[in-house]
Amino acid sequence: MINAGLIGVTGYAGEELLSILLKHPQVRISDLSAKIDKEQSIAALFPKFKNRLELVCHNPDLNKTSSSCDLVFLALPHTVSMNFVPGLLKKGVKVIDLSADYRFSDVKVYEKFYGVKHNDRANLAKAVYGLPELYRIKIKKADFIANPGCYPTASILGLAPLAAFDLVERDSIIIDAKSGVTGAGRKIAEGFLFSEINEDFKAYKVGVHQHAPEIDQEISKLAGKNVKTTFVPHLLPLNRGILATIYANKSKKAKNKNIIDIYKKFYKSEPFVRVKEAADYPRVKDVVFTNFCDIGIKEDEDKVIVISAIDNLLKGASGQAVQNMNIMCDYPETMGLV
Amino acid sequence: MINAGLIGVTGYAGEELLSILLKHPQVRISDLSAKIDKEQSIAALFPKFKNRLELVCHNPDLNKTSSSCDLVFLALPHTVSMNFVPGLLKKGVKVIDLSADYRFSDVKVYEKFYGVKHNDRANLAKAVYGLPELYRIKIKKADFIANPGCYPTASILGLAPLAAFDLVERDSIIIDAKSGVTGAGRKIAEGFLFSEINEDFKAYKVGVHQHAPEIDQEISKLAGKNVKTTFVPHLLPLNRGILATIYANKSKKAKNKNIIDIYKKFYKSEPFVRVKEAADYPRVKDVVFTNFCDIGIKEDEDKVIVISAIDNLLKGASGQAVQNMNIMCDYPETMGLV
Amino acid sequence: MINAGLIGVTGYAGEELLSILLKHPQVRISDLSAKIDKEQSIAALFPKFKNRLELVCHNPDLNKTSSSCDLVFLALPHTVSMNFVPGLLKKGVKVIDLSADYRFSDVKVYEKFYGVKHNDRANLAKAVYGLPELYRIKIKKADFIANPGCYPTASILGLAPLAAFDLVERDSIIIDAKSGVTGAGRKIAEGFLFSEINEDFKAYKVGVHQHAPEIDQEISKLAGKNVKTTFVPHLLPLNRGILATIYANKSKKAKNKNIIDIYKKFYKSEPFVRVKEAADYPRVKDVVFTNFCDIGIKEDEDKVIVISAIDNLLKGASGQAVQNMNIMCDYPETMGLV
Amino acid sequence: MINAGLIGVTGYAGEELLSILLKHPQVRISDLSAKIDKEQSIAALFPKFKNRLELVCHNPDLNKTSSSCDLVFLALPHTVSMNFVPGLLKKGVKVIDLSADYRFSDVKVYEKFYGVKHNDRANLAKAVYGLPELYRIKIKKADFIANPGCYPTASILGLAPLAAFDLVERDSIIIDAKSGVTGAGRKIAEGFLFSEINEDFKAYKVGVHQHAPEIDQEISKLAGKNVKTTFVPHLLPLNRGILATIYANKSKKAKNKNIIDIYKKFYKSEPFVRVKEAADYPRVKDVVFTNFCDIGIKEDEDKVIVISAIDNLLKGASGQAVQNMNIMCDYPETMGLV
């Protein structure tokens, strides 16, 4: 069994992570912390955990956490994680960081899109991008994981076979993505009030969302060339779930190929990717509260449409983090997740 | 035509009031203000009003408002209204105040439940409680209206015939009320975030809600004796609407009476109260976006159950305010409201 | 004043149409019918209309309707309208048909997508496609209007300036559309149950939706050449509203043009189209319960993204039908609609 | 390990039961059936189970089911279960019936409220009412469980200490209950369409709901005398969850007692009942997706208000069924449920 800690338990991703870890047969939850007004039991913070876990949540404290944990999850806001990572790694603690702080190979892209200077460049190169479907072998040997963003997980899994086999024109990719509200975290702002979002739907950060360069980085790596996608996120009036509808023009290499078959082969051994048959498409309802990514494909002569759905809090955040932990610790990859 | 002003246009009640006034054939909207960072057009504040109204919303300014308006609506938070009322009344402007500041005959009740000292006791006695079904004649002659709260409107209309004719035991009244989220105003707090309210339901302020004494005041007046109801509000995951389920034990006077008939007679000439037939009950959907209060009644041998439904922003706030304006100005009572 | 009738009042579009007509100062509602089990008052069918309209809803009866009405709205399912149109027109009654039966110039396209034979080809040529922004002059002189579909209204208005001025490559247009549930009508099927749709989101009829050829017909007319768009509709868990996110590659003609300015000029005199400034985008909340279409535009070097939002029951159905009636009857175009 | 079967997997309770059983470490799912058009894999019926379970769902077949199962869950509509129970029991299969068919000691009450003749009176006496908090010892020895209804579970757990210790006046109990939509099952009817329920709230079956006599039966047993409660259910626009607000007048025995303490003692050893501290109340969000019942209490001088919340599909149906299975099979009571 592993002693696991969690810094940032009060956000939606942290709360979800705690739910998973509580049911994980190989995890002892050793330490919980978050920026809070006063130390209190986790049941006082979240009544839903009453009778399920007796543990006090304290304010972040590197020594306390590193002395009691083998592995620590960071469910912190972007730009906050990098204040904890160096200390934890130094103490020999494994780290899975759910923020964006270590996702980018090119620190300038991070600094541009997140609007801050990166203050731990030393550890950037150590981080493995935690998308098991692409980087399982590296994750197995890693001590430090940069867990992918929610939109990137849905989008990259939706696009990976197309990019890897050069099946679409690289400048033609459009990702029309829709996310439930927990994707934004527990942000207290007028725009996230119930009466503002309920019975509403809108696009936001059109052409400027910080997940766009994360998607482009990974798709470019897969394609072996620079790819710039068009990414438009939208806000759905529901709690959980992302559905991305992806459009691209077929390349010459796609001629006479059955794209669904290519996807099926690509994801054949993946425990958490389900490719649908022709004329069958994913829906949010089938993936929420699971760690699955469902993918459906529509081809016509010139275009391919891929629809990809995940639970933003699970495969898009905390579920994937536990999947990464399972791989790092040599547990069955689906343990605690199905 | 009347020149009407509105202080506090940025809250939900203010926004709704503006929507109604825009369609009212006898109203010229002369002045809009609210506590805002910088003066801007109403279309900039609310894109939905673009192409419908060209007017700048300024910060509250008593002189500006009183010089351009015959009548002013105050859609301000409780305890803020009383800073504007004396000045407006002094200038001869008619005032309809949607806050609770002038609803109580007994200022001590107000001070206890709203937690502040009242600083305009002088005008308390001038205020007419703006529930047309009970006080139409007084409203007709009034210059200053204290517009009722949303829960009180639904509850008092639901109980009035029972109280007026002494049909139930006075200590047996239970009001189990459920409200949509706009009832709380545009309050930026964690508890009102979409992901907190969506797919949730809960009671709140059990036994301590500030609308309870307002209900008791009016029911006691109707009954001619002190009545203390049991009032429990709940928060519904929807934008608009209140439904109150009211329980009471029949008194001796109710024996051999048909209570539905009594309600029908009581509300016979009321344009905005609809009493349902036996075995037919109100639903929120039938009253939202209208100024109606729908009432359904279930009798058994000992008990009577009354279900009362309104739109909290219309009959429970802004619609009723315009109904009061119509009465004060001798316009047809339903003008601009159906 | 005009005597207006409505066949098919029990669907969502019919119910909405009745709401509008009730407030329209130039309309006397003379006749209401629908396929119902037994004749009953409109208040019995829709409690929300109680105290607002006393009229019996009968089963469809051509003679009854045509003898009492100057103009009749048909809010009937596709393939049903064409059974009523010939008779009504013969009697000299003006008709606004909200179904798809007369929207297509090419009857074969209709027969393919709606899966039936058209049995009133004679009147097909008489029908004017009721999109005022494109066909106002024809509508003015028409006796018979084929009211556009909801997705087509949002999509065509979003694309019209691009198509008319040849600003995008004709094979590059992608319409990723999202609609509230009333768009499907009051269809009693498992897929439309609350628990199936709430907290879900999905694409449907991918590449085979019957509104695609309607959009293509109108965009092709505007462009003066055959255009085939890629159209993917999605189902939103909300009652009302459509938001279409439209992507296209710029053509050479778009170089050095300010597309927002072109849209502003194109829609300058339109009472119901609002073009947004750069970096400002429509949201469903701003258009529901209004007849407006809000349009926002994002340009980059090669692509243009247009976001278009309407209320599917108003500008997408019943509101537009009344707008057409206003034009046909020489009433102010916005009468009863703002 | 146990071989478990499930008849009626296609309803909401059946689907939920399957989800739980899939994660239960002591259960082998041996047989699935339901009334369906054609036999198909469970993944074809419910895409969310793809990659998680390979099993064909057949039409109900007593021989097939009884030959492969040690225990069978019946998630069937009321009045259908009693056609399967006798055959299963005869073959020595243990049965947990989620319908109401065997919940009533007095068959006449059942026949009155469910409107049918009971055709298996022989087995009525064998059934144990499966509320572990009241009947754990009997359940341990039982072969046949009548699993309680959802409203009754929330209401009885909320009232049990008051009834058992005679703390309230028996004719004063009012249960104002609110349920999410899955409580009604996957019923295809206009009233359950998304657009009918979303943004609506209403009472239904006022004074005539079939769960009222079930509650009264159990409360009467606890009280040792006939109790008739007033029960009014309401429909919440959310998928899962019940919250019951219960009002009662204190009896003399309640004087000088601390009711919260009495509840805490009463439920001290219960793994799935959580009693809240004073001024803290349950919310649906804390119990959905769990098997907990949360209870909060408000006392004033004369009245007690109890608020009780459960997930209608878990503690109110399938979770409780598995809790019963755990007890019957000597597994830890919380196995597979936390």
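List of remarks:
Each chain gets a letter, A, B, C and D, in the order it is written, and its residues are counted from 1.
Here is the rule we go by: contacts are C-beta pairs under 8 Å (C-beta built on N, C-alpha and C of every residue); 3 or more make two chains touch, one makes a residue touch a chain.
Since the structure is predicted, the reported quantities are computational estimates derived from the model, not experimental observations.
Of all chains in the assembly, those touching chain B and also chain D are A, C. Note: the chain lying farthest from chain C is D, by mean C-alpha position.
By number of C-beta pairs in contact, C-D leads when C-D and B-C are compared. Note: centroid distance chain A to chain C, computed from Cα atoms, is 40 Å.
Separation between the centroids of chain B and chain C, computed from CA atoms only, is 37 Å. A straight line joining the Cα centres of chain C and chain D is 46 Å long.
In chain D, the residues that reach two or more other chains under the touch definition are 196, 198-199, 237-239, 283, 285.
Residues 12, 181-182, 186-190, 192-199, 237-239 of chain C touch chain D in their complex. Chain C contributes residues 22-23, 46-48, 50-52, 199, 271, 274, 276, 280, 283, 285-287, 289-290, 292, 294, 338 to its touches with chain B in the complex.
Interface of chain B with chain D (complex): residues 171, 174, 176, 178, 196, 198-204, 206-207, 230, 232, 234, 236-241, 243, 245, 247, 281-285, 288, 298, 300, 302-303, 305, 307.
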